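Across the two complexes that follow, subunit A remains constant while its partner is subunit B and subsequently subunit C.
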Partner chain A sequence: MAASASAMVVTSRAELLSLFRSLLRTASKFSDFNIREYARRRTIDGFRENRHLSDPASVAAAFADGNSQLDIARRQVLVYSLYAPNVKSVMEIKYK
Partner chain B sequence: MATALRIAVLRHIRIPVQALEGFRPASASWNLFRGQNRSLSSHGDEHLEREEVVERVLAVVKSFPKLDPSKVAADSHFQKDLGLDSLDGVEIVMALEEEFKLEIPDKEADKIDSCSVAIEYIFNHPMSG
Partner chain C sequence: MTSKAMFPKLLPSAAGLVRRIFLSSRPLSSSSAASLATAELSSPLTNSVDADEEGIITMKGVRISGRPIYLDMQATTPVDPRVVDAMLPFYLSRFGNPHSRTHLYGWESEEAVESARTQVAALVGANPKEIFFTSGATESNNISVKGVMRFYRDKKRHVVTTQTEHKCVLDSCRHLQQEGFDVTYLPVRSDGLVDLERLASAIRPDTGLVSVMAVNNEIGVVQPLEEIGKICKEKGVPFHTDAAQALGKIPIDVERMGIGLMSLSGHKIYGPKGVGALYLRRRPRIRVEPQMSGGGQERGIRSGTVPTPLVVGFGKACEVAMKEMEYDGRRIAALQERLLKGIREKLDRVVVNGSIEHRYAGNLNLSFAFVEGESLLMGLQAVAISSGSACTSASLEPSYVLRALGVDEDMAHTSIRFGIGRFTTEAEIDNTIELIVHTVKKLREMSPLYELDKEGVDIKSVKWSQH
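Moving on to the complex of A and B:
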């Protein structure tokens, strides 16, 4: 039993939280307000959606998917930074 | 000839002792100024006051949409007192990072699970601004 459990890839809580944090950090780097907010929302929703996964295999699959999304997000931050909007979105203007 | 020239030249050259006298008070006050406890760091000398840290941390936590702002206190535990889960905790720590312009490493961020720990961490962080 112990052997089979260790043979399976068990994704730890810390790894998942670290992925969540990395995705949020990457999301906050997008230069465009709409994309930045979308990436943030999508990260939070994705983690909420999979909150009740208990089967280690499906957790590992979701984790792998999240990691590939993180790679895409990191690349896209770079690509979008080359085409950054030169005006802010009205949503970004803060009135104090 | 050479002696005569030397005397003639020396007669016209004056070492400006007066000017040096005038310079001294300025340098003394400069020393006084330097004598004060000035830090050499580039990010501003003033450190955040504790009350300000408490106030801003609580403001960030209260603005989190999922919780009731009236329940938030300086000693609230995110999960036990405020009913949040670990994902919400990460979101709050991210919001605090943004508020105080910090980047908290994962290991430290995992330990921040209540308002009091967050206040303590940010208050002791040299870069928080």
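Moving on to the complex of A and C:
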């Protein structure tokens, strides 16, 4: 256990920041108002929740989870755009 | 024909367009690419809605500017993108029948169904073998209520339920009555909770089932499941709960709550419509008479091919719900407080229907005195809300749930249900408050009753004469 944890690559700050930025950038591309807002909010809150993680193994696990979320978001941005309704949410039209 | 020939050509160009639209931060409106994109990419769905001008939808004779703010989460929830992502592969190449035993297509589908079963079971603390996939909570409720009673019909002739249950439980009970069974419809207290002593004393030696829903769909009241489970265990009666509105929103543990049968639904937890599950306890074993005869799928409880994509989506929705329950719960509670506070600051005579303390925060059922609920909804096209459950909102009758709470008929007519969910934003709540306050004030200005009330006249004491 301990051996495998220490053998694990330590996730660098730069890698984490890059993931954070990629998630935010992808979130902003969702055509659906509610999904876009959620993806952005959840990214920020998720990173905030995990700010105090210090154990390299749990940081690596959180990093891997974030990356898989990023993959999902990238695919779904495309799917949502393919079937986006012609009319947007009132939140985008009236209350910008 | 031509469309087939066009298809391979269209795809790369469409993908290019999509990329271009993404890269440009400008809105779709003015660019010529946008008009091209809508022409080529227009999905079959857009035809049903007449989107004549930009931002205007005309449907059912109503002109709506923009898609409304969605606050009807008890009717259904939007599908989470993580769920769509899990489902799509099973609509494309992995289309196998999970019951096919002789090839890869069947095996991979079966594996996906079994992993979804584990995900659903994990969310409620059950064994995967106790989870049976159905078409939804309505079917699960039908199997539970009618199935248990018909299986044990020789010894058990009586069912205990409450007056505020969902229509499908009440209707199943009605059905049982026609078959000669006895049903006790327990009244609820004015806060919507069932009286435990009354429940205990209603149970007879020949009672075969107690059915009490976990979270009410109209008023969001959470029943004391653990206590009910304990009473049922003492009396040796199976306890069924309709947890469609509770799953993924409040913690459920079938062991701790002593649940014998439970109905679950996919589309109330950001999963797909058309799928649900029945939890059926193995130890001590509870048996039901199946409703569907056929190939014996789901171990004979529910014949018919298990819909792999839907089940995978339901499983994923449960997994996401398990991870997000705390986060969502905190947010939804804050939004509910914001909504209630915002409305109460600017409007008087607003009543919350059902207990505030024992309530799932995502449901806020309010009565606005002197404002007819349906006319309020007509004036609120920018918010998608309803006056009660989707099943009964077509009729102008006041909700039977509110009447069971002892809400006066005039107040029951003024109820509006706000459903807050994972994807609701603060800005949406703020705009809803603004719109509600505006519309209620406008309608009250027209109401002679409100004027009388403001002058201090007790409306109930007024003798109305007929002319």
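Simple rule for what comes next: the second predicted complex is superposed on the first by the 86 of 96 C-alpha atoms of A that agree within 3 Å, B and C clash if a C-alpha of one lies under 4 Å from a C-alpha of the other, contacts with A are read in each partner's own complex, and residues count from 1 in each chain.
Please note the rule applied: a residue touches a chain if its C-beta (ideal position, glycine included) is under 8 Å from a C-beta of that chain, and two chains touch if they have at least 3 such contacts.
All figures in this text were calculated on a predicted structure; none of them were measured in a lab.
After superposition on subunit A, the partners subunit B and subunit C are seen to fit next to each other with no clash. In the superposition on chain A, A:R48 makes contact with subunit B only, not with subunit C.
When the two structures are aligned on the shared chain, A:R25 is found in touch with subunit B, with no touch to subunit C. Of the two partner chains placed around the shared chain by superposition, subunit C is the only one that A:N34 touches, whereas subunit B remains out of contact. Taking the C-alpha centre of subunit A as the apex, the lines running to the C-alpha centres of subunit B and subunit C meet at 120 degrees, rounded to a multiple of 10. Residue contacts after overlaying the shared chain place A:L17 against subunit B, while subunit C stays out of touching range.
For subunit A, the partner that touches more of its residues is C, with subunit B and subunit C as the two candidates. Once the two complexes are overlaid on the shared chain, A:P85 sits against subunit C while remaining clear of subunit B. With both structures placed on the common chain, the touch criterion links A:Q76 to subunit C but leaves subunit B unconnected. The minimum CA-CA separation between subunit B and subunit C in the overlaid arrangement is 7 Å, rounded to the whole angstrom. Looking at the complex, you find that subunit A touches subunit B at residues 13-14, 17-18, 20-21, 24-25, 28, 44, 47-48, 51.
For subunit A in complex with subunit C, the residues that touch the partner chain are 29-30, 34-35, 37-39, 41-42, 45, 69, 72-73, 75-83, 85-95. Those residues of subunit C lying in contact with subunit A across their complex are 18, 21-22, 38, 41-43, 45-46, 49, 51, 54-57, 65-70, 78, 81-82, 84-85, 88, 327, 382, 422-425, 427-428, 431.
On the side of subunit B, the complex with subunit A involves touching residues 85-87, 90-91, 94, 98, 106, 109-110.
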